[in-house]
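By letter and in written order, the chains are A, B, C, D and E; residue numbering begins at 1 in each of them.
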Amino acid sequence: MKIKIGAGILAFFALVAIFGPLFIGADPAATSDAGLQPPSAEHWLGTTQTGQDVLVQLVYGARVSLGVGVLSAVIATVLAVAVGLVGGYIGGAVDEVLSVLTNIFLVLPALPLIIVLAGYLPQRGVTSVAVVIAVTGWAWGARVLRAQTLSVRRRDFVQAARASGEGPLRIVFFEILPVLLPVIATSFLATVVSAILAEAGLSFLGLADLSTVSWGSMLYFAQNGQALLIGAWWWFIPPGLCIALIGTGLALVNFGIDEIANPRLRTIKVPRKARAS
Amino acid sequence: GCSGGGGGGGAAKSGDAPPLVVHAVDAGTFQEDFNPYHLEGVNFGTSGMIHETLMFFNKLKPGEITPWLALEHKWSDKGKSVTFTLRQNVKWSDGKPFTADDVAFTFDMLKKHPQLNKSALEIEGTEVLAPDKVRIDFAATSYAKLYDIAGNSPIVPKHIWEKEKDPATFTNPKPVGTGPYTLSKFSAQLYELVKNPSYWQPGKPEVPVVRFPAYTANALQTALQQGEVDWAGAFVPDIDKIYVQGKPEQNKYFFPPEGLVTLLPNLTHPVLGKPEVRQAISLAIDREKIVRIAERDYTKVAHPSGVTMPGGEAYVPEEYRDAAYKVDIEKAKELLKGIDPAQLTFELLVPSPYTDWVNAAQLIREDLAKVGITVETRGVAFQDWVSKVGKGDYDLSIRGTPAGPTPYFQLRSLLYGKLAKPVGESSTGNYERWKDEETDKLIAEYAATEDLAEQQKATQGLAKIMIEKLPALPLFYSPSWAQFRTNKYVGWPSEQDPYAMPSPYTSPDAAMVLLRLKPAGT
Amino acid sequence: MRFLARRLGFYLLTAWAAITLNFLIPRLMPGDPVELLVARMKGNVEPAAIDAMRKAFGISDASLWQQYVDYLVNLSHGELGRSITFYPTEVSTVIADSLPWTIGLVGVATLISYLIGTALGVIMAWKRGTWLDGVLPAATFMHAVPYFWVALALVFVFGVTLQWFPVSRAYGLDVTPGFNAEFVQSVLYHAALPAITIVVASMADRILGMRNVMVTTLGEDYVVMAEAKGLTSRRVMWAYAARNAILPNITSFALSLGFVVGGSVLTEIVFSYPGIGSMLLKGVENEDFPLMQGIFLVISLAVLVANFLADLAYVVLDPRTRQESE
Amino acid sequence: MNTAMNDVVLEGRNLTKHFTAARGPRGRFGKRPPVRAVEDVSIALRAGTVTALVGESGCGKSTVARLLAQVYPATSGEVLLNGEPVRAHRGPAFKEYRRQVQLIFQDPFASLNPFHRVRYHLARPLRLHGHARTDAEEREQVAELLERVSLTPVEQFMDKMPHELSGGQRQRVAIARALAVRPVALIADEPVSMLDVSIRLGVLRLLEGLARDNGLALLYITHDIASARYFAEDITVMYAGRLIESGPSEELTQSPRHPYTQLLLESAPDPDRVAPPAGERHGEPPSLIAPPSGCRFHPRCPVALPVCSAEVPGRTELGDGHWTHCWQAEAAVTR
Amino acid sequence: MNVLEVRDLSVDYLSGSGAVHAVSGVSLDLRRGEILGLAGESGSGKSTMANAVARLLRPPATVTSGTVTYRRQDGTAVDVLSLGKNELRAFRWKELAVVFQSAMNSLNPVSTVGAQIDDVLRIHAPGMSRAERTERAVELLQRVGISADRRRSYPHELSGGMRQRAAIAIALALNPEIIIMDEPTTALDVVVQRDILAEIRALREEYGFAVVFITHDLSLLMEISDRIAIMYAGRVVETGTAKALHRAPRHPYTLGLLRSFPRLRGPREELLGIPGTPPDLRTLPPGCAFHPRCAKAMEECSQTLPVLRSEADGEVACLLNDGRGLS
């Protein structure tokens, strides 16, 4: 159920991000003299101060925000899998070094580090922002994956595969990796959320490329234009809401996966009789 | 009514006149720094309100100079020496008399500590000729630097500063100045200036207390909306809704032009180097629309010469005084006929924190698309933009050029060949890299004379080059922000009486404004 | 104590990494603060003055290695250099002025959020299948909302529209800082809204995390046993289930501190709170290396210390680690 | 098979294994004392024969199994395959060793990767060791293996996922996987302890049959001495990392000589027993970090002599391959 | 005579793929002071039943029918399934205590053994002073063979056998009438197991409580129990005294179980085992649930559900046994 709702939300935004711009066609940055129009038949979500259509921006923003989220999550996950699985499986000095590295990145406060790094970024394009977020965000996944690898490595089926003569690469990728897929998926989704949030935070601080329309940059402009102070709620609310919705969708899917792995977590309807005890 | 607002409930010391709550620059907190030669950390008001300059230059009326601590100046040695005759009976706020020693000390200090010498005055030495006469010697002709010497170098008291080992790091926490105010209270969130009772202009100022609460850009908007601030210099996104609130008589604002925002074409670019392309670009851009949408009508379209109007008429050749931009798509297309359309693709670099420029860039993109020029706007980090534009690593960019006491300074910074370094090296002006002998000659002519008419003539030459050769494409004036409320005090600068820059963050102009204010209703 | 010694060693290593990272980042990145400063002054500075300023700001051309050594030596004396933004104020002064605000705000808010979130998580796990499950979707939603968005919404509703709370600053303009009732009251009043933001935005994580661990713990035999022993529900819930469920949450809590601090940077900016977050942004905007470095270092160290405290708490709360350390 | 029945196929000589504990208190100089899991163990597996290794939990049975399978190297002592000492721990020579000696794990729920089908589990070793080169060969041999472990109809089982199988069926797949390699020695580490009583028998019978019919040398590790009596020819009893008694299963169970073996037999639940044994406490099993001196059983031994705590008893041959390490036995023999 | 009477008890686990009938229609008596062994394959519902009696079922388990009656010494009957919150708390542990399978998991890892005994006393005997409680805790621990200074140990500092003893000590704290022991020795090795069994027997002699002893090790039950009940697929298929069951099992499943255990003494009997696998409790075979695995199954077995009928010293639910014994 959770997975369904979550996946529904995600699918919706994914469709919007992929096909929305084709449908809408309009240029999200296109300005007009009709500034600060409240929602109307013409502008479903009103316009910004410079007369840009909020809905159009929202649709294009989905592409950037989701794109940054997914891109940095992909990078972070690849890093996490590499570090976590390799460290966990090989063990020894390599593992020591990798896990100290992981822990360091884990403990260092990410957002300040992102801000500092972004502050220096020569290019603030979508990709570089995604890379910065990924670089600061892979550690959690690596740590979880390492712990899991350590436990899976000791599991009998890995031992059995070793005993029957499988090589280490094959064991890592064919025996261990599939078992860890749910964990990888969870950490991937969690990274998407935090990446989207981080991108929004960066844009909001004006540290991302503001000439690209993203939900974060929309919020930046809304805040800059004092949208709330002048009552332009339609400018301020939708981007934040979309971020929260996507986050909720991802979290729901994640909880769903958790619940499959650990059925105890499921919410249940307690029959009256049992509740009495 | 509402006297004081959130910031005004405090201690008005002298008389009944209420304190004036001022917001000059965005700050979360203040640092205790009242050294007028510090660039950023210094608290606003130090220069002008506490430490005064020798003369006052009104940038809104180029050429209008008011004697201040100095009564007059005299150049000698072909502009390499200047002698000031000082005002008598001026006292430091601790009661000690102000003398030529203080002036000499100030300029000696600048010579000794180059990092304080932000105008890079080439000081050779000073000589006190009499208690009220001092001569300053320079290594080069410095006529054009009179503003920096007399209008932009606050004088500090020798008897206090000479005790400091390193004036560069001295924070001057208990400033002693000749100005109309002294510091009475400092905390990280608020500092307060009170009237200097022994000020040399008796009876002035009439505003007894000036309070400076710390506001960040965001907080200020709310404060303005709630009427907490009497005088602010801020960009307000929707001034009618947030500030004026239907009371244009009381909640006034005045945004006179202060500098020039230009579209910089990189002249080392093979296509942009061609005048007809620049001409076409200029013809295609609808500056009115940019001003309306991106600048919210807070400013005006620039004069094609780049000279600030009104006020700068004398610096523009007769025939061009009424020149104005007009959009002409057809003509632009005509001009571009000879050029391979594939080459008409440029990147427009803007610093992304400057949201109005980001919007302007977007409008330019839309306009140029109409004549077949493809523009890709790229918003980059401020630092990145500074470094890229400085090094000439861009196609098109938008950049502001600061105003000086006369339009010459603006044009010099925009066009002077010596400022342009080769691509790859950081320049400090002339970012488009305009190389033209005639331009440099005109600039040299201005610098070599103290005669106003000569100077105007040279500047007119520069204006003509701007209009005819389009080395850079002026867009609009950058406004000087000033919101002031008349419920407590009246006498603010206005279009009719532009006696000083109205924004509270311009010094020493803000002190001039304070000296002119009178309680409302008197 | 072996466990703690190991952790301490790790934190020292991490601190060193943070310090080195801190040293390297600005030096490996392009940009020049003086140029920037000049650009922001709209070019009112002549080129000749720039070099002198550069020197004054301590921007040096020495070899990277030499600079590193100098940096470490200075650091060991507690010298973080002078801020460029607030020149000539020492970075340590800037931090000393702003850090207490952040620690006060974030510390208290985090504590509140932790206590409430943990309690809610415990109760929600305990009362599974009741209306309390309705909190879950809300928590899930809150977990994904950007901090600054919540902050702005709160500012608008409670600050601007209802005017119940002040929307900026750490204390009223009319109070004198010091240890007097008026000042303390003003500080609390001003901290209310930002604190609520941090609590609201970070609590969801606590709730969800605690609930999940708690649900798992509830299935453990010792909880069933405690119930069978006829203990009161309160005792089973807190002394048996929650007490154990908190353990894995301590570490995740400590790690999440980094995120809370990150989020509070945004909160501070929205509320113009004079904390370290606002200063960090200022430093970044002005490419103020010394300030950024100093602040990032302090934040990192603070998070490290918090993590170490969490480890201590863990040792106190979990007898199993204690034995190991005998 | 080139080994005749009853030839020693796999042998461990004086195997000793000390683990450095990953956690635990440090001693002086910050060194952690080792876990002396296995001390001086010699054991031989013969073709076509089931040998049982019996002992209580934690006494080191699995460690012996892993040493024999060369999952990790011994601290000292050596392993001999067909009389040749095993030296290689990687490379082709080691792969060859892997091909000859296979391990079956205790928990059939953990020893199959939940993500792979039965076919994959069986086909991989076939391919790895070059027994099957084409798909057809592979299919044929997988079917044959399934048949050997009585998972029929073969077609149906081939494409099942592990979670679709019952415990007994999984253990059969695990055995088939070990057989796929065509080993000469098979080490089964408590292969049925996780299975239900009613299903155990089938699996044990299968193993017994494999040893008997295919001449495999089988080491059956268990803590259930009764089942060892039924399924193994020889039983070796282990206590706290050391061997204490060994002999033909019937003789060992009916006339045990070591006090621990006696205690073990006495303690095993037995409905046929007339009266339950006297309720005296025997104390807890010893720590392997600081094992008791001398005979490791002496603190729990009802008949301990002073010498027991001083010296490790030597091996006393009792005839018919029955031997024990006990001072009492030694005394009895010499007397 | 009976201290506990279970009548027609059914428990379902509700789940997405249909209800699991873990216990269906079980009726069982526990006599005062006896040890009742409950045997059966894994998943046959033994723990579920025990938990139902102790009211420890958690969702998604639900009692769908049946009653559980507890009889006090004075003869008053208590309907266990409808006890209120406070009555239930008093019933649990004063009247009925539980020892779980793995003591490592049933002791709170973060508090000392002494504290966990103290916990019980504080709640149920509020009149006791702190010193009295400590004294009692020491006494209990010594009674099960743990020295007094171990009171301050945490569970992880004790060996498996000691933990199990500590769990038993906690169960004894209030002198309950009934102790349910769910596989209390499965995790231990035989020597330690033997000690604990001896302990339980001795304590039973001393205090006279009744024990429900759950395990799947039938030979163990034969030794320790007075009476034994065999469960298969959620139903009791046979009950009887340990002796009788050992001598002449009446249900084919009991026979199969008995003949699955290798014997240590005497001649090597042939082991029979039970072919096939236990059924899926969601879709039980019709009729006798055991018939697909039963060597003696008849046509009728797949249609008629056999009921538990009383016989001399025991009951059996098998169509074969209607009136006759199992040959």
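Descriptive notes on the structure:
In this section, a contact is a pair of C-beta atoms (placed from the backbone, for glycine too) under 8 Å apart; a residue touches a chain by one contact, two chains touch by 3 or more.
Since this is a predicted model, take the numbers as computed values, not measurements.
Here the chain-to-chain distance from chain B to chain D, counted in touching steps, is 2. Placing every chain at the mean of its C-alpha atoms, the farthest one from chain D is found to be B. In terms of C-beta pairs in contact, the better-connected of the chain pairs A-B and A-C is A-C.
Inter-chain spacing, taken between the CA centroids of chain D and chain E, is 33 Å. A straight line joining the Cα centres of chain C and chain E is 53 Å long.
Once the centre of each chain is set as its mean CA position, chain C and chain D turn out to be 55 Å apart. Averaging Cα coordinates per chain places chain B and chain E 91 Å apart. Multi-chain contact residues of chain B (touching two or more other chains): 218, 222, 225, 353, 383-384. Annotation for chain A: residues touching 2 or more other chains are 119, 121-122, 206-207, 223, 229, 268, 270, 275. Looking at chain C, one finds that residues 30-31, 128-129, 155, 160, 218-219, 269, 285, 287 touch two or more other chains.
Residue ranges on chain C touching chain B, taken from their complex, read 30-32, 35-53, 55-56, 82-89, 93-94, 97-98, 155, 159-160, 167-171, 173-174, 176-177, 269-270, 272-274, 278-279, 282, 285-287. Residue ranges of chain C in contact with chain E, taken from their complex: 128-129, 218-222, 224-232, 235, 239-240, 243-244, 247, 317-320, 323.
On chain A, the positions that touch chain D within their shared complex are 155-166, 174-175, 178-179. Within the complex, the chain D residues that touch chain A are 69, 71, 95, 98-99, 102-103, 105-107, 110-116, 124-125, 128-129, 174, 177-178, 180-181.
Here chain A touches chain C in the complex through residues 100, 103-104, 106-122, 140, 193-194, 197, 200-201, 204-207, 219, 223, 228-229, 236, 240, 243-248, 250-252, 255, 258, 262, 264-265, 267-270, 275, going by the rule given at the top.
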